[in-house]
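The structure that follows is given in the form of structure tokens.
As written, the chains take the letters A, B and C, and residue 1 is the first residue of each chain.
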Amino acid sequence: MTALLEVKNLVKHFEVSRGLVRAVDGVSFSLEKGETLGLVGESGCGKTTTGRCILQLERATSGSILFEGRELTTLDQSELRAVRRKMQVIFQDPYSSLNPRMTVGQIIAEPLAVHGIVRGSAARAARVKDLLSRVGLLPAHARRYPHEMSGGQRQRVGIARALAMEPSLIICDEPVSALDVSIQAQIINLLEDLQSEFGLTYLFIAHDLAVVRHISDRVAVMYLGKIAEMADRKTIYDNPRHPYTKALLSAVPIPDPELEMKRERIVLGGEVPSPLNPPSGCVFHPRCPIAVERCTHEIPVLRDLTPGHGAACHLAEIA
Amino acid sequence: MADALLDVRHLSTRFTTREGVVRAVDDVSWDVKEGETVALVGESGCGKSVSALSIMRLVAQPAGQIVGGQAVFKGRDLLTLDEEAMRRVRGREIAMIFQEPMTSLNPVLSIGRQLTEGLEIHLGKTPQQARGRAAELLGMVGIPDPERRLPQYPHQFSGGMRQRMMIAMALSCEPSLILADEPTTALDVTIQAQILELMKDLSRRLGVAMLMITHNLGVVARYADRVNVMYAGRIIEQGTARELYGNPRHPYTLGLLRSVPRLDEPRRSRLAPIDGQPPDLTRLPAGCAFLPRCAFRVDRCSVERPPLVPVAHTGPEPHVSACWEAERVIARQETR
Amino acid sequence: MTKYIIKRLLLMIPTLLGVAVLIFFLMRVVPGDIVELRFSGETSGVSKETLAIERARLGLDKPLWHQFVTYMTGLARFDLGTSMWTGAPIHEEIKLRFALTLQVAIMSTIIAVLLAIPLGVLAALKQDTWVDYSVRIFSIAGLATPSFWLGILFILVLLVFFKWLPPMVYTPFWVNPWQNMLQLIWPALAVGYRYSAVATRMTRSAMLEVLREDYIRTARAKGLWQKLILTRHALKNAMLPVLTVIALEFAFLMGGLVVTEQVFNLNGLGLLFVESVAHRDYTLTQALVLLVAASFIVVNFLVDLAYAWIDPRIRFR
């Protein structure tokens, strides 16, 4: 079975006046059709840049991105346009990603017209209506402007716009983190419904580990431009092997005072180092509670502990 | 309650906007006792931040006006103090920590300057004394090498360090109450954990009471003794953290608890969101504001607004809920 | 920081060189030349020979590249040459006028800043009250009133009500400061008012923006005195955009005050500029353009330094 998306050794470095920012530093993963891969990590870990490289919003410094069997990194602009249709994105802040001077109907209809997906304005209006109902909005919403809607409704518009292109892959970049708790669940359910209805594949980029666990089939934890650990959902949450994954999981507060009282927390010291000047050896070693001398100079590779469960830690077995 | 450090009674704050009058805080009462951590929980626009700003009398005027109520702090009603007396309360007796450490510190003033000015003004310290104390404070909140850090500027600090600096600033004059408005929302999970543990530790050690304003139910569970849940400008449920989480008696609280995926539970096939949209504060329904989204609604809810009344509780502390059907709202076992 | 300053200073050289080259060729593109203009008044025809002799005297008969090389080598020795029209050395032509223009510009700036900052801050603090409205009317009036017209008004009022006219002959400051001030304060006021209008509006809007910032709320929550919040926390941040406006206006004053100079009978750079262009006095125009460009660059540099001084985010970059 060939993967829908295959990222191999993706590297993205940004040159700034003070040196080289290693935003993404050798990331590999693949996505099967209909699957959801969760990409988690803290700010600056490179998860968003990874998404942008796949979308070709950033040109990768090196590495390969195979999408539906085509190598994206070498495509020219016109070839890219055709591929982009199949790859859509949903952003964190639905407000800034929707043109405030266009009605919701226009926002959704525009790509339909530009890409010639639906011809004729009557047909487009019908399609817009259909899309709106699929994302849980009413036909009347087509005449509204983004600012007249709530955050959750705007995110639904963003989803409808992505859906309009009939994509096979949707990159969800923190799609619920700007929303209120009570609305987040609505959007997550919607994304799941659409996935089973249209056979969509998601790359779900987020920092909320509980949300990622809920929606993902597999999860990759990123730290400082590298994947620290990757496994299927159950394995990574029930049996995390990388000390960073463990710390992340233990840092998530649980809404249950009795449980919290008993829970031991791993509070990591220090902060994420600058990707301008990443630590030698394992990038996590300065904050790692179990680091040994070897970690300071030898870079751990992401290796399979069991089939499908990889961790980039020298001590993954014993920790 | 006589022993309350801060006793807020029937506080109401309104904003006049183009869309109409917003009752941002509508007849809200809560209290904080000496040394205790109390949470104000709710989603954006529920009035939790405005409550805190009202107590500090920092609501943006003239659009925002405190239209009623009392905030009795150590026997004095803060809402009737003259401006100068109020100024002496701010920072000295009640300090605030804000959400965005990035924008809440002045970019053109050094860390030292921003830390020492409160000490000089409220405690009458000389610049040298204040500087020494500022270094101590930075050390206390876990910033290494404080002497070297004082002449630096906020942009040279990371997000977590800035929030530490904010905490140091809030603690500088040894206030008896800290109002922390979403203190960790803008931070990463691991940094969030650091900051929360630090705040808990310091508040215990220094005996500072804390009002924790947050939308994160998880944060509240670990750090708050008592919890107030707000919705559309009102408190809809009030009780100890243990009571509220174990035995929620308002459909909104229950909805919030059930809508978030949790790491301590087996994964559910589907989340249980609260239906509908957040309330439009300029057009609230006559009855219960939560009515359009409520799964427990009955006819009475649309005509009569439910008052906060005591419900059956397990612990010694009272547990109140503003719901006509409170006794029907029970956390169902299958969701846990 | 020192490195930055040195870098900026060195960068001035190529910039000025570019200006010098550009103006040299631009002037040559403008039709008509100084020799024809000079003899255009003569009713009887001027012989070709006379024109040729005159051209040769001014060096205009040489090929363009030759003229260019002469000009550039002169510049390298800080020699601006002589005015083609008057024959006087250019630095002599410019010296007094530059002093005068610079003084008017500095005085106007001081007046503008003294007016604009208190007024702008006041208007921002009292937003949408009568104070704010008055300040806004005052500043809009300033924008709408041309300086020369205000200047005429000043002279009329002084003449009609005080039966007094400011001195009309320029006295350098170092010769007689009192006399000098008596003369220059009026144009400075006329220009400064308009200038202050721009700066007031900028101060007001910058202040309004800053007062809404989170860190001002933090400062208030710390229980600082209102005065301290304004001066220490707000004003410093609000000054950044105001500085830019002041600098732009200042640079404009260095040569842009043609009509106002005429009204007050001031022999400033503005008038000289117009005359030199009208005469196709290449050497003088080139020198003036260089001078104005240099003032622009210097003022910009000073503003950048001020920015760095105020804003540590720039200083530590």
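Everything that follows uses one rule, which is that a contact is a pair of C-beta atoms (placed from the backbone, for glycine too) under 8 Å apart; a residue touches a chain by one contact, two chains touch by 3 or more.
Here the structure is a predicted model, which is why all the values come from computation and not from measurement.
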item: Label of the chain whose CA centroid is most distant from the centroid of subunit B; value: C
item: Pair exhibiting more inter-chain C-beta contacts, A-B or B-C; value: A-B
item: Gap in Å, rounded to a whole number, between the CA centres of subunit C and subunit A; value: 54
item: Centroid spacing, where centroids are CA-atom means, of subunit A and subunit B in whole angstrom; value: 31
item: Centre-of-Cα separation between subunit C and subunit B, whole angstrom; value: 54
item: Complex contact set, residues of subunit B against subunit C; value: 56, 58, 87-92, 95-96, 98, 100, 103-110, 113, 117-118, 121-122, 153, 155-156, 166, 169
item: Residues of subunit A that touch subunit B when the two form their complex; value: 42-43, 150, 152-153, 180-186, 188-189, 192, 207, 209-211, 213-214, 233, 237, 247-260, 265, 267-269, 271-272
item: Subunit C residues touching subunit B - in the complex, by the definition given at the top; value: 213-215, 217-225, 228, 232-233, 236-237, 310-313, 316
item: List of subunit B residues in touch with subunit A within their complex; value: 43-44, 158, 160-161, 188-194, 196-197, 215-222, 241-242, 245-246, 255-257, 259-264, 267-268, 270-275, 277-278, 293
